[in-house]
Amino acid sequence: MIAMGSKKRRGILERLNAGEVVVGDGGYVMQLERRGYVKAGHWTPEAAVEHPEAVRQLHREFLRAGANVLQTFTFYCSEDKLEISGNVTNITGAQINEAACDLAREVANEDDALVAGCVSKTPCYVKSHSEAEVKAIFKKQMDDFLKKDIDFFIVEFVDHVEEAGWAVEVLKTSGKPVGATLCISPHGDMHGVPPGECAVRLVKAGADIVGVNCHLDPLTCIRTVKLMKEGLEKAGLKAHLMIQPLGFHTPECNLGGYTSLPEYPFAMETRAITRWDIHKYAREAYNAGIRYIGGCCGFEPYHIRAIAEELAAERGFLPPASEKHGLWGAALEMHTKPWVRARARREYWENLLPASGRPKCPSMATPEDDYEKQLKSNIPT
Amino acid sequence: MIAMGSKKRRGILERLNAGEVVVGDGGYVMQLERRGYVKAGHWTPEAAVEHPEAVRQLHREFLRAGANVLQTFTFYCSEDKLEISGNVTNITGAQINEAACDLAREVANEDDALVAGCVSKTPCYVKSHSEAEVKAIFKKQMDDFLKKDIDFFIVEFVDHVEEAGWAVEVLKTSGKPVGATLCISPHGDMHGVPPGECAVRLVKAGADIVGVNCHLDPLTCIRTVKLMKEGLEKAGLKAHLMIQPLGFHTPECNLGGYTSLPEYPFAMETRAITRWDIHKYAREAYNAGIRYIGGCCGFEPYHIRAIAEELAAERGFLPPASEKHGLWGAALEMHTKPWVRARARREYWENLLPASGRPKCPSMATPEDDYEKQLKSNIPT
Amino acid sequence: MIAMGSKKRRGILERLNAGEVVVGDGGYVMQLERRGYVKAGHWTPEAAVEHPEAVRQLHREFLRAGANVLQTFTFYCSEDKLEISGNVTNITGAQINEAACDLAREVANEDDALVAGCVSKTPCYVKSHSEAEVKAIFKKQMDDFLKKDIDFFIVEFVDHVEEAGWAVEVLKTSGKPVGATLCISPHGDMHGVPPGECAVRLVKAGADIVGVNCHLDPLTCIRTVKLMKEGLEKAGLKAHLMIQPLGFHTPECNLGGYTSLPEYPFAMETRAITRWDIHKYAREAYNAGIRYIGGCCGFEPYHIRAIAEELAAERGFLPPASEKHGLWGAALEMHTKPWVRARARREYWENLLPASGRPKCPSMATPEDDYEKQLKSNIPT
Amino acid sequence: MIAMGSKKRRGILERLNAGEVVVGDGGYVMQLERRGYVKAGHWTPEAAVEHPEAVRQLHREFLRAGANVLQTFTFYCSEDKLEISGNVTNITGAQINEAACDLAREVANEDDALVAGCVSKTPCYVKSHSEAEVKAIFKKQMDDFLKKDIDFFIVEFVDHVEEAGWAVEVLKTSGKPVGATLCISPHGDMHGVPPGECAVRLVKAGADIVGVNCHLDPLTCIRTVKLMKEGLEKAGLKAHLMIQPLGFHTPECNLGGYTSLPEYPFAMETRAITRWDIHKYAREAYNAGIRYIGGCCGFEPYHIRAIAEELAAERGFLPPASEKHGLWGAALEMHTKPWVRARARREYWENLLPASGRPKCPSMATPEDDYEKQLKSNIPT
């Protein structure tokens, strides 16, 4: 059934409290880099002002794929980051933030999706380590967002729980719900704070939803969120769980994150996850008790659709984009080649081990940071 | 915009005769499948009517990436194919063809790009093998196109040179230039006609531009076009050369084409070519004397940009999308991690052998058709 | 310098107490399987009686490669195991044990090597779990050995520390030194006893030398021995350390051991370690404080030579077989092909990542036991 | 012994003329290098004098594995080669040749095997290109052999058919049968003479048996021998066919030979063929009409046994070493682990794609010689 129908816009907590699955959107900056609108290395979101049609279209594709939330295209859109990148000379952060809110709202209203105003880590944190300065930056972004019609906030892509906690504290002053996702591994944040404790701190700071995003592959991110969940349970705290992992296979860098891979950022193609990898991810995330399930860098619209298709029974409907997708390859049944027709079934795709087509390339690379040393230290003594 | 400047719209032959490099666009159906608008297995282009904004945006991205030609989104848009696919019940082929022409024209006019009306192989050919019936189908499509403002025609994705020749003969009656690309290997078409002879037949049928598209990887397609060139030279004929290969590494299937790979069509991610692979491809194509250089399935906007960047000196300008791209990774110079900064140079990316991130997956698969048997028969005796 | 010279036969503890490096021998059963004298699956050593010339020759090759100890070819030579295997009908365990002692002694005396009488795990342990019965089996083997001229005992290839402890207790009644190596991972024995505690129990049972052998690859075995060392240090105990790992790369099975790999036992070729892998292994083992360094299944004579070559400076001499080996490929300097001559240097071989020559084969397999589940449970919570 | 029975020593041509399968032996120099008796880079056979027990034992293992012919261990044993290598200072070529004949004879007589006196290419050929000088060298070796009891001659490892022809002409003066194997690819010898023509020249020079050995993997060598067979048929000539390929997977170097691989000679482990690869090879060789089937570098005794086991029905008996080998893994039926027991069947091993255990290593390497350029030139134009 393709039925978006008459559901009306309810808040993020209303949905999660009701036990609904909330499908997140995918990654904007890497996808818009490939489409020609974002500069890798800078990763700033000035396209919201310069090329709104491109941002609008990607929002639409995620919505059509089943996303219940559209995040504002405001990654790295703090004034200090924009200044460092030097990529935008005549556009202010406020202009971008406001334009991005309008774009997300416009598209979200084409269905009953929610808009999340997003902030990410600031250069200021590492440079100054000043709570006042960092909070002032988040406050400025929040004020931009509050001029517009957003539903809740997301703090994302922060690798120090301390900075994320400050962001949560600022955003909670708005009275809106706040989600917070760290880009950390099962081994904890950049100061060594374990995931369970990170979750506790974020909830104590006021976060309604906690989890992880980016930097690590889907199954590793699930492990981290499980550790967060356990930490919360031990502390007697409650929060909704959220996950938006990388759309790449990155087994070598599950401590340091994908920037340590030799392929980052311009040769990640080989590592891209398939829609079938997503089915497995979505099911495992659901089984782990996570109810806000989306993606980050590498997640394209068809990956988001695969989340929505895997969880169609739980959600009660398929997304609009499934009009153009036979479940588990069913549409191949009409192919002219008999061997392609034979692929119109779940078992085929679930068990396929795809070849790289690159006989001179290895399966795994050596990350830049000394992962192996860290791994050894991980054996209990 | 980087120096697109004052060039005015000149015809495709005018450009090629002047020795200019013409950059083609990339693949529409696979990219729009991932964006949620095309059904794999059917691969029909009803989105031109149903979701014009999605088609328009992809046109724009290819234009921005440097394409000089936008192909109408009319793949498989013959009435007999649409009927078989059963994917579109209330939209006629004529509606799609006309809408697609308008979309391509609208975007092409945002710069000085040309619009090519495209026809592809018909189910009718294999079924009836009737010249009259097949030509009637091509005539009908041509008539749709001629109601609109297109610049020239492309016959593409035909694996029997006989059918392609019929299409050329029909389209030449329009008085417009005609390009023809076969989806064949260096071993020839489906009837065993070698590439050199295929080229001769197409030119004798009236084609102004000949070459190959889809089905095979870039370097293999170059080999095929070289064989076409040699065939033309031996026959004392002249034509422009064109190439629009797959954007995937497919070393195993260079006879049968990528539909014979186990990964087709839903697990091709691992095989995707990088922008650096494209640099090599564009240079080799140029060196082989090919001047119409584009892509087919798997070519995304950033791949087209890479063609334009590799041939920037020859063309005299960079494409608009290079505003958001440091050449050879130059924009990484400002990255916070020292090891990522060290990647801001050509040597790094040219020599990288990207890892798949999938230790349980092989490098090569076994294609469905008996490639190895064919390979063995290829040893001179 | 190739100088075995005038060193006279000193005991194993005398050597280790003096801080000398003792080079062990390699794997007998897998190598003799390939030579045609041992049946895979049974792995029993009746060749000591049936084909003494084959066993003698392999002893000689290990001696010539630099081994200071020759282990009697008595693997699985307990009566209960021989009976189960059914491979030998007319030869008794005592006959094999005695013949094997004579063979080892004969060859050891060609230089100043030592002979170690070896016992391995018994089927009786798992079946009966009776200390009396198991000890009686070890006592019987010991009595066979004591009829002959052996220098010390080795208990090897035991995966329950309890059984190994019983063996040590029996063998210590002989008054001879006893070494004990378990085939366990860094995660401990089959009852979950961690390596550190295993080492403590073995030393308390009377073992003079403790360590690991077989089942896991060299670098993993070093990790396990390090954990043993730490356990002994914490307990205030002292013992010499010993290591005789697999000669295969087995990254997937470092909990369950190589019998869980799909390639075991008849397709392990691809995983074989090179002599250059051995250099790294020998150095790391030495740096970890291990002084009895040899190999098990997969270690051929040239692997043992590589240990002796890596530690030539520490030992003060090269082994006889180095007469036929240029260090780090030096003998390639006289090759006719210039590119092979260019390989006559350490950097070349140290940095080489050898290709498998099998494009359809993966890098890693899925072991039979549920390694991944175990791995996940290994993340600290 | 399993049914070697009462066959008495009959000549090589007697056997081949009767349509029997003759199983050859495996590679001596690489195996004895690993055992510590041959120096890689030199590859000279002085061990026949220095360490006769080692050569004798390897002969015995090949005999036991099913070999009907033992080749004298006289590779590269021409005076000019020995001088260049400088590896042997006080032993003459004649001493080695004679000792090697005695060793082969001694072991061959333990069953009814034949002894083949072997000569290989001379440095003199490339240096002087003098027929007289080269023939004098072969004459000298032949005279050494004729002092001893050998059954026939083999010319092997020659990559110019001209030199091989000269050797055949010399050896035919002895009145004994002569076999000649070139180390060439399907593309012909080093002067570009195609395999078919090479075979014709060798037979015209007097060879009774022709084929290929070394340098290329088994299936490629079969292709070359097939081309030889076709050449002979076209010329109306008759000869027996022989094959002794590499025991390594070398898909990249099937023109230039394995010395062009980066792994040559000290990291070839990963490429070693399994016994199951041999079954396929032996069957295909037999089906191609080849009746003298053995191996060269990389073939160990168990590979020779696999030839004998695959062709047991055709030969009527199993080799002695099959006493210690369950066909197709049958002996695993008694293994303690259920999943290993499940491997006691042909289908398991025939379909296994063994993993390399090396995630950072690729599947294929780049050979030193420009294989790809050669490959491209191979496409028909």
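The first chain written gets the first letter, and so on, giving A, B, C and D; residue counts start at 1 in each chain.
The criterion applied here is as follows: contacts are C-beta pairs under 8 Å (C-beta built on N, C-alpha and C of every residue); 3 or more make two chains touch, one makes a residue touch a chain.
Remember, it's a predicted structure, so these values are computed and weren't measured experimentally.
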By mean C-alpha coordinates, which chain is most distant from chain D? A
Selected pair, greater C-beta contact count between A-C and B-C: A-C
CA centroid of chain C to CA centroid of chain D, Å: 33
Just curious, how far off is chain C from chain A if you go by their C-alpha centres, in Å? 49
Compute the distance, rounded to whole Å, between the mean C-alpha positions of chain B and chain C. 59
Show the residues in chain A shared as contacts by 2 or more other chains, in ascending order. 353, 355, 359-365
Interfacial residue positions of chain C with respect to chain A in the complex: 186, 194, 196, 223, 227, 230, 353, 355, 359-360, 362-364, 376, 378-381
Parts of chain D lying in touch with chain C, wherever the complex brings them together: 33-42, 53-54, 57, 60-61, 64-65, 84-86, 217, 248-252, 259-276, 300-302, 305, 320-321, 323-326, 329, 331-335, 337, 339-340, 343-344, 349, 352-365, 368
Listed in rising order, chain B residues that touch chain C in their complex are 359-366
